[in-house]
Amino acid sequence: MDWYPLWNSLRVAAISCVIVFFTGIFAAYYISRLGRVVKGILDVILTLPMVLPPTVVGYLLLLVLGPKHPVGAFFLDFLNIRLVMTWYAGIFAAVAVSFPLMYRTARGAFESFDMTLAYSGQTLGLSNTYIFWRVRMPACRQGILAGTVLSFARSLGEYGATSMLAGYTPGRTATISTTVYQLWRTNDEGMAFRWVLVNLAISAVVLLAVNLLERKEK
Amino acid sequence: MDWYPLWNSLRVAAISCVIVFFTGIFAAYYISRLGRVVKGILDVILTLPMVLPPTVVGYLLLLVLGPKHPVGAFFLDFLNIRLVMTWYAGIFAAVAVSFPLMYRTARGAFESFDMTLAYSGQTLGLSNTYIFWRVRMPACRQGILAGTVLSFARSLGEYGATSMLAGYTPGRTATISTTVYQLWRTNDEGMAFRWVLVNLAISAVVLLAVNLLERKEK
Amino acid sequence: QNTELTVFAAASMTETISKIADIYTEAHPNVTITCTFDSSGTLATQIAQGADCDLFISAAPKQMNQIDINGGEDNTDGADFVLEESRIDLLENKVVLVTAQGSDSGISSFEALTGDKLNMLCIGNEDVPVGAYSLKILEYLGTSAQELEDEGKITYATNVKEVTTQVQEGVVDCGIIYATDAFSAGLEPVDEATPDMCGQVIYPAAVMKNSENIQAAQEFLDYLTGDEAKEVFESVGFTPLS
Amino acid sequence: MSLIIDIEKTLGNFSLDVHFKAENEVLGLLGASGSGKTMTLKCIAGVITPDRGHIELDSQVLFDSEKKINLSPQKRRVGLLFQNYALFPNMTVWQNIRTGLLRDHMGRASADAAVKDIIEKLRLTGLEKHKPWQLSGGQQQRTALARILISAPQIILLDEPLSALDSCLRWEVETQLSDILAEYGKTVILVSHDRDEIYRLCSRASAMTGGCAGQPVPVEEMFERPSSISEALLSGCKNISRARRLTSRTLLAQDWGTVLKTDREIPENLCGVGLHATDLCPSWSGKNENSIRCHIEKRISDPLYDIYLLRPQSGDWPEGEDHFKTISNLPQAEDSASSRLLRMDCPKNSSQPFSKEQELTVSMPCQKLMFFT
Amino acid sequence: MSLIIDIEKTLGNFSLDVHFKAENEVLGLLGASGSGKTMTLKCIAGVITPDRGHIELDSQVLFDSEKKINLSPQKRRVGLLFQNYALFPNMTVWQNIRTGLLRDHMGRASADAAVKDIIEKLRLTGLEKHKPWQLSGGQQQRTALARILISAPQIILLDEPLSALDSCLRWEVETQLSDILAEYGKTVILVSHDRDEIYRLCSRASAMTGGCAGQPVPVEEMFERPSSISEALLSGCKNISRARRLTSRTLLAQDWGTVLKTDREIPENLCGVGLHATDLCPSWSGKNENSIRCHIEKRISDPLYDIYLLRPQSGDWPEGEDHFKTISNLPQAEDSASSRLLRMDCPKNSSQPFSKEQELTVSMPCQKLMFFT
């Protein structure tokens, strides 16, 4: 058994989880302070990746990141970095589909944050950054954790957009998901099932870690 | 433009949303009262559909619901109901992939419910069912709403498992997602884009309705 | 009385079969045709799992063989759905090599796939009919998918559209697809596979054994081999075989 | 309506041990925060199940661990008013009150009439359509009470009904509450950590400390002649000292370092002595029995009293553990020294205030001394 | 350290209008729930921006709407103790206090020493590693205070520092707080709805009603000679009536339906008259100036007082709107009749208690009457 998909999946899911964590939280933070109409519109736009078939999401990403389109061309020509058909292309795919999960759950948590904690930090002279990371985030831990778990799971399971953007090149861009799919389609169901178990193990570890974290902080 | 996919998608998403709403809530309710270990294990199992490629989820469902397998055979032979390749097969697919979203968010909400409200209802002689629906649910509205929105969006966007379980039969099992995919696949991108806009409109309506609901209840 | 036909057809035939079905139902008002389009592999799986299907048109013999008891080694779990006497080779397609418009990769023939000019080739996976042919072509050229995998020069796509998109967007240098797919995607083939590279590319069609409308299905299949249908098939680049 | 309760319950490292009897009266439960008052009420209402014991209401057994009886809260007909009122936030006042009638499957017309009736009686007219967050604390409380009263409970339990109110509202609400309870007539248990409230509203009271409820005694007795240190602390006695009986009429007050004479027989098992802050007085005022020389540490001015904190000068100070910690579980000042200060409250206009840092001899009138066993 | 504040702010249908000056003193803000006390403190601290006005601390302008100055809360050096203490729930006591030093980028060693120092001073030793939920209310409050004190604020604002405490703890904490504030020495603003607290802790106080703060006056004056009905209500005066001046020494108390004689000049613009419940006394006790015949509606027994609610019998009752509603925004009893009752507090052992339903003539000593304008 070639363990590359495990390692690749883990790094893609982990990195995308980190990215989604930050971007989702910042989006949630700034949007939760906006007016109702703007909030509604942004909500619709940010939830869009959820309501489209992932392959189409991948296609739309390709229209941005592909070497024939401005962003992709810029990276390729000036930085000599190819954004697609690489292992890290899977990150873009995973980020796009798991972002709405983090965003929505974090926004809910932020909207129920007790502002007196923030005010109290301000009057003590703490910078807003410090307050955000050391006061607001720990206080909203429950919601943020739920969002992170969902995003991580979604990243791990992401197939459609990844296959479009990163392709399936064994040893290069294969993730557990694309491998499972490939093995299953080529009638190697036993092997596919083994990889399903690997995914199961990963999520078990992550979920248990999260449960422990929740517990410890109580 | 044939509007069948719109109508079909709406009914699939709506019905699956209703199913996931109830099952997710009940799962969350009962599991949130369990011990930590059992909770952890159930968590892993119930989050599983998220970490697998949706097509594989569809295949696994086919192994249960297909007419050659016990459940499917039972329905076909005794009730003359075919569970796959029908419009309502899309419901099973949508339920499977969106259930974890509802479950996780609802569990978070239930775990922060103020039990004195429930106790107070009990001492007033209210039945536990009444308390659940008329007291606990409204009190956890925020989390439940977020979960419902995410599930609905996921159902609307569901492609992989649906295409495996319900197939893409124009006028029979086509949903917006499978239609977008098929149109895009057969190089009719203009038409695909139109359907993307339809999906966008649906989610806008749903999200705005939810925002209004949130607002009204405040 | 009214008969309802369920046709499972490879996604690459979406336009053609839809069009022919429309013409056919106009002439036969007592027949309604319901088509399901997907990758041949998905359709074969669905049939194997008991989907109601009267007529199956696959984009390669392999997927048909999977559900045909006489399908040889492709049939791994003894599935028996094909009505033997109805199975025919309906169409022939060509396997072509495509590159993006204005590509500067310098790849102009299948032979170039073995050289240094190749950065990334996209083929369908084994489950996509053209994928199986692509693998044969690579063998013929004296290389193999495994070899290209080791060099990181190959990627597998789930369906033909993925291949064409990736070629069009310049994400890969070139891809191997059917001539008809290249035609509808507006891609210019740079090379066409000869029969000795991968054999003939056959689209088999067959009526399903447990169909309740075997006769009507056979009638429609016969119609597909007729002249009106031929015209439609040829318009996108298929070669009708019968 | 008599209530008999005799239960034990352990939760984490807290254990509850309560037994008393109440009959057609307003019984007070006085205890510090965390002493188990709410838990006792929850056990009676049936939302917490005791580990062992017996609860009986009007000769109907609600709970018995031996007979394996445990009626559901719905069947107990116990009206419990929660500390925060626990109004259903999604329902209007009318709907909230209406839920109290659902148990009895009343017809619509008569239910509406009953709700209307109780709304008028508790002067909530005009607020029927308000949601709980649109109500003031007093209105919330009356709504919760209406909801309970309409459900015709056999007994009413009130958990700190006034503590959530701002002090301007509290007096109003307390007056109304006492009227409502008087009219109700059956048994009521009222929980509070405010001794004045208990005094004004209850006929008898029991002091709770660390999960144990003392025997209920008439409130006047608890306040004027508390029989234990915990009762004394709860009833607001500010001057308490460990004590040992010397003769039948003299005792050693260890924390004040002095020997006190009394006019009554001293109980054999004496362990403490106390004196209300208002009963301590400067010795020149004529009474100079049991006088102690003190140093004025602090003077605090209250609207009606001058409050002096005095440090006794005479006697030897037994060092070591602080007695409060060992004999009671009440939350204590961390600084044990400050709890040894004597407090004296002098009515404002009775005399010239003494100045700080002055020496002062105070006397402890012997008929006001309280003996604790 | 002088604070000058003169601001206006409208939020929804509530509007705040506050101007006063405070200098090296403990200034009390006394107001009912919802009167805008917390909002005033938040404006000073800078977490709410007023619509118009000027705030100046020690000649540094913190806010000026005309000069477009609005310092961030971080730069104001205002220590604000929130009603619920607002300790960071994820940090230990030590970490919480340590945050108060982050503004000054102190070295690690000296910061640790400073934290250690203040922990000792506020007697939190041993609790360094505790999280806020592991602390009692008093310990939480001291931690929050330590955090504020260590950040060296120019002024301290305390928002109901004692209201979250159970009454057994409150006295302890109040004593400690008063010591800490005395040592701090700079300006302190203390917000409360408890008049006794304000009286004991503050030198001057301002009464807030419906968003308007009155001029600060010494607390004794506010309690003994309140100048307006709202001050009187807040300071706990229970007997208040609308009044009209008749001659320079007589007035008509409309709600009591009687004419009262006084020993002082009555102000021209008199609008109300008041009398503390402890100053009302039965007329047979010798003083029988301004006597009114009353009907005893209720007797309530308090630990130290017998409280009587009396309904004046003489005079004609002006019907119609209830005057409290029109002249103040304080929460009022919904039952206007009950607010016309007179309250008389008699010390417990001064006389035989009167029985309910009895007629009684009470007198209003003329030197105790308070005039409101």
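As written, the chain order gives the labels A, B, C, D and E, with residue 1 at the start of each chain.
We take it that a residue touches a chain if its C-beta (ideal position, glycine included) is under 8 Å from a C-beta of that chain, and two chains touch if they have at least 3 such contacts.
Chain-to-protein mapping (UniProt): A, B = Molybdenum transport system permease; D, E = Molybdate transport system ATP-binding protein.
Nothing here was measured: the structure is a model prediction, and the numbers come from that model.
Participant: Going by the touch criterion stated earlier, list every chain that contacts subunit C and also contacts subunit D.
Facilitator: For subunit C paired with subunit D, the chains in contact with each are B, in label order.
Participant: So which chains are sitting against subunit A and subunit E at once?
Facilitator: Both-contact set = empty.
Participant: Please identify which chain has its centre, taken as the mean of its CA atoms, farthest from the centre of subunit D.
Facilitator: Computed centres place C farthest from subunit D.
Participant: Tell me, please, which two chains come out on top when C-beta pairs in contact are counted per chain pair.
Facilitator: Per-pair contact counts point to A-B as the maximum.
Participant: Over half of the interface residue numbers used by both subunit A and subunit B, so same, or under half, so different?
Facilitator: Answer same: the two copies use largely identical residue numbers here.
Participant: Between subunit D and subunit E, what distance separates the C-alpha centroids? Give it in angstrom.
Facilitator: Computed from C-alpha means, the inter-chain centre distance equals 25 Å.
Participant: I'd like to verify one number: the distance from the centre of subunit B to the centre of subunit E, where each centre is the average of its C-alpha atoms, in whole angstrom.
Facilitator: Centres of subunit B and subunit E (C-alpha means) sit 55 Å apart.
Participant: Averaging only over C-alpha atoms, locate the centres of subunit A and subunit B and give their separation in whole Å.
Facilitator: Result: the chain centres lie 21 Å from each other.
Participant: Residue numbers in subunit E touching 2 or more other chains?
Facilitator: In subunit E, no residue touches two or more other chains.
Participant: Counting only residues that touch at least 2 other chains, which ones in subunit C make the list?
Facilitator: Within subunit C, no residue touches at least two other chains.
Participant: Would you mind listing the residues of subunit A that make contact with two or more other chains?
Facilitator: Residue numbers touching two or more other chains: 55, 59, 181.
Participant: Going by the touch rule stated at the top, which chains touch which?
Facilitator: Final set of chain pairs in contact is A-B, A-C, A-E, B-C, B-D, D-E.
Participant: Within their complex, state which residues of subunit A touch subunit B.
Facilitator: Counting only subunit A, the residues touching subunit B are 36, 39-40, 43-44, 47-56, 59, 100-101, 104-105, 108, 111-112, 142-143, 146, 149-150, 153-154, 156-157, 159-160, 177-178, 180-181, 184, 192, 196, 199-200, 202-204, 207-208, 211, 215.
Participant: Mind listing the subunit A positions that touch subunit C in their complex?
Facilitator: Answer in residue numbers: 55, 59, 62-63, 66-69, 84-85, 163-164, 167-173, 181-182, 185-187.
Participant: Which stretch or stretches of subunit E touch subunit D in the complex?
Facilitator: Within the complex, subunit E contacts subunit D at residues 32-33, 123, 136-138, 166-169, 171-172, 175-176, 178, 193-196, 199-200, 220, 223, 233-236, 238, 278, 298, 300-304, 307, 309, 330-335, 338.
Participant: Any idea which subunit C residues touch subunit A in the complex?
Facilitator: The touching residues are 41, 76, 100, 120, 122, 125-127, 149-150, 152, 154-158, 162, 165-166, 169-172.
Participant: Which subunit E residues qualify as touching subunit A in the complex?
Facilitator: 42, 45-47, 72-80, 82-84, 86, 88-91, 99-100, 102-104, 147-148, 151
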